[in-house]
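Read through the structure below, which is laid out as structure tokens, and then see the notes.
Note that the chains are named A, B, C and D in the order they appear, and that numbering of residues resets to 1 at the start of each chain.
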Amino acid sequence: MQDIVTDSLRDLAQQLDAFARERDWQTFHSPKNLASALIVEAGELLEPFQWLTEKQSRELSPERRDAVASEIADVLLYLIQLSSALGVDPVAAAQAKLRLNAERYPVDKARGNARKHDEL
Amino acid sequence: MQDIVTDSLRDLAQQLDAFARERDWQTFHSPKNLASALIVEAGELLEPFQWLTEKQSRELSPERRDAVASEIADVLLYLIQLSSALGVDPVAAAQAKLRLNAERYPVDKARGNARKHDEL
Amino acid sequence: MQDIVTDSLRDLAQQLDAFARERDWQTFHSPKNLASALIVEAGELLEPFQWLTEKQSRELSPERRDAVASEIADVLLYLIQLSSALGVDPVAAAQAKLRLNAERYPVDKARGNARKHDEL
Amino acid sequence: MQDIVTDSLRDLAQQLDAFARERDWQTFHSPKNLASALIVEAGELLEPFQWLTEKQSRELSPERRDAVASEIADVLLYLIQLSSALGVDPVAAAQAKLRLNAERYPVDKARGNARKHDEL
């Protein structure tokens, strides 16, 4: 039961909708603006990694990791709001994309190939 | 029961982990690289909106909406992988952020205020 | 004469190179890292516009405009550094792209067409 | 003399202005939209680097380098258009920022310090 609650994007979507409605923010929350806000947060999420080596990025201090978690939260919150505004189920879309990727990148061809995304 | 499955980020995280392991892609999936891949996808998500008016962005055609859903999926998939790589629960982080925002933007002060994010 | 100095990207490139060398920062300035730093700054440049209407974005206060100018500077400085690191002349590349765009978007077909970039 | 022409952002700004006017595109080119278009291009610029190691990013093939140059061009063209729309001189802004950075990061304190940008 705890799992269901923790894992719920739907619950977050409802909270976010109430949050925006109570503050009359829906007028600002056009899909165009939400997509902008999302990438601004994605920039804040990338920022702590920009001068780190890949290895260092795998070994964040707890403080740094908490700061990154807060930026992950911001991206997720805007992704949920954008999905709601467009009537898209993000998890269903992600599952459809995963199935597509499984066809695009068969295991025997894709193994260890760094250039994986170049063929897209 | 259907709800739990559809709504499960944990399920997606497990599938993504298996997907990367089968292809030996973990070596590419440092947090630094995943944060880069995420913002690249966030750019592809913003792209269809860049010349639209806000009004037009609220009235996407079904074809355009499906294309946007596919980009939402890409952002979500990298967000899940980045969270897994860092040991972060994105939904718990989002809930914590929502509680923080409720304190930061009390309803009576924030109503209809476009400048809401400037004080951040 | 004043014009030449003000307009000089080459001059900026030389100053940036000296700046990084004096601080032993070249090791951080891989093209990968510079491209990351550039998009992080592009996010900071977009941030003040994210909740504005298009009309409001055309009517910034002088204070807001100065803040935006400072973000424009950051993007330009990383663009110059990335160009230098790759041996690319950004102005020559921009002129080549302009010629290409003139072929891609002939005046009679492109007039007032909001969908201009979709065909790319 | 050749130098002056090659190095001229002003010349590019004038060409871009004529290009947009001939196509009636000024209506789309609000600062808000141009800042969005810029970050979309910054994402396309980051994309070829996302799975590369830093070392690989320093050793691009000529073909890959040309493709990156084309994305650098796109970012520069939108940066110029955004600057024009706001009445900002990007080179003057960059020089002011460089002077500020020289104060912020004195050579003796900043030498080889990867964390340089964290204090910003």
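To be clear about the criterion, contacts are C-beta pairs under 8 Å (C-beta built on N, C-alpha and C of every residue); 3 or more make two chains touch, one makes a residue touch a chain.
For reference, the UniProt names are A, B, C, D = MazG nucleotide pyrophosphohydrolase domain protein.
Since this is a predicted model, take the numbers as computed values, not measurements.
Peer 1: Have a look at C-D versus B-C and report the one with more C-beta pairs in contact.
Peer 2: C-D
Peer 1: Between chain B and chain C, tell me the centre distance in angstrom, where each centre is the average of that chain's C-alpha atoms.
Peer 2: So the centre of chain B lies 26 Å away from the centre of chain C.
Peer 1: If you average the CA atoms of chain C and of chain D, how far apart do the two points sit, in angstrom?
Peer 2: Roughly 2 Å, centre to centre.
Peer 1: Pull out every residue in chain C that's touching 2 or more other chains.
Peer 2: Expected reply: 28, 33, 36-37, 39, 42-43, 46-47, 49-54, 114, 116-117.
Peer 1: Using the contact definition from the top, classify how the chains connect: line, ring, star, complete or other.
Peer 2: Graph shape here is complete: every pair of chains touches.
Peer 1: Spell out the part of chain C that touches chain B in their complex, as residue ranges.
Peer 2: Listed in rising order, the residues are 36, 39, 43, 47-48, 50-54, 114-118.
Peer 1: Provide the residue numbers of chain B that touch chain D in the complex, in ascending order.
Peer 2: Residue list for chain B touching chain D: 28, 33, 36-37, 39-40, 42-44, 46-47, 49-51.
Peer 1: Enumerate the contact residues on chain B facing chain A in the complex.
Peer 2: Going through chain B, the ones touching chain A are 3-4, 6-10, 12, 15-16, 19, 22-25, 27-28, 30-33, 35-39, 42-43, 45-46, 49, 52-58, 60, 65, 68-70, 72-77, 79-80, 82-83, 85-98, 101-102, 105, 107, 110-114, 116-117.
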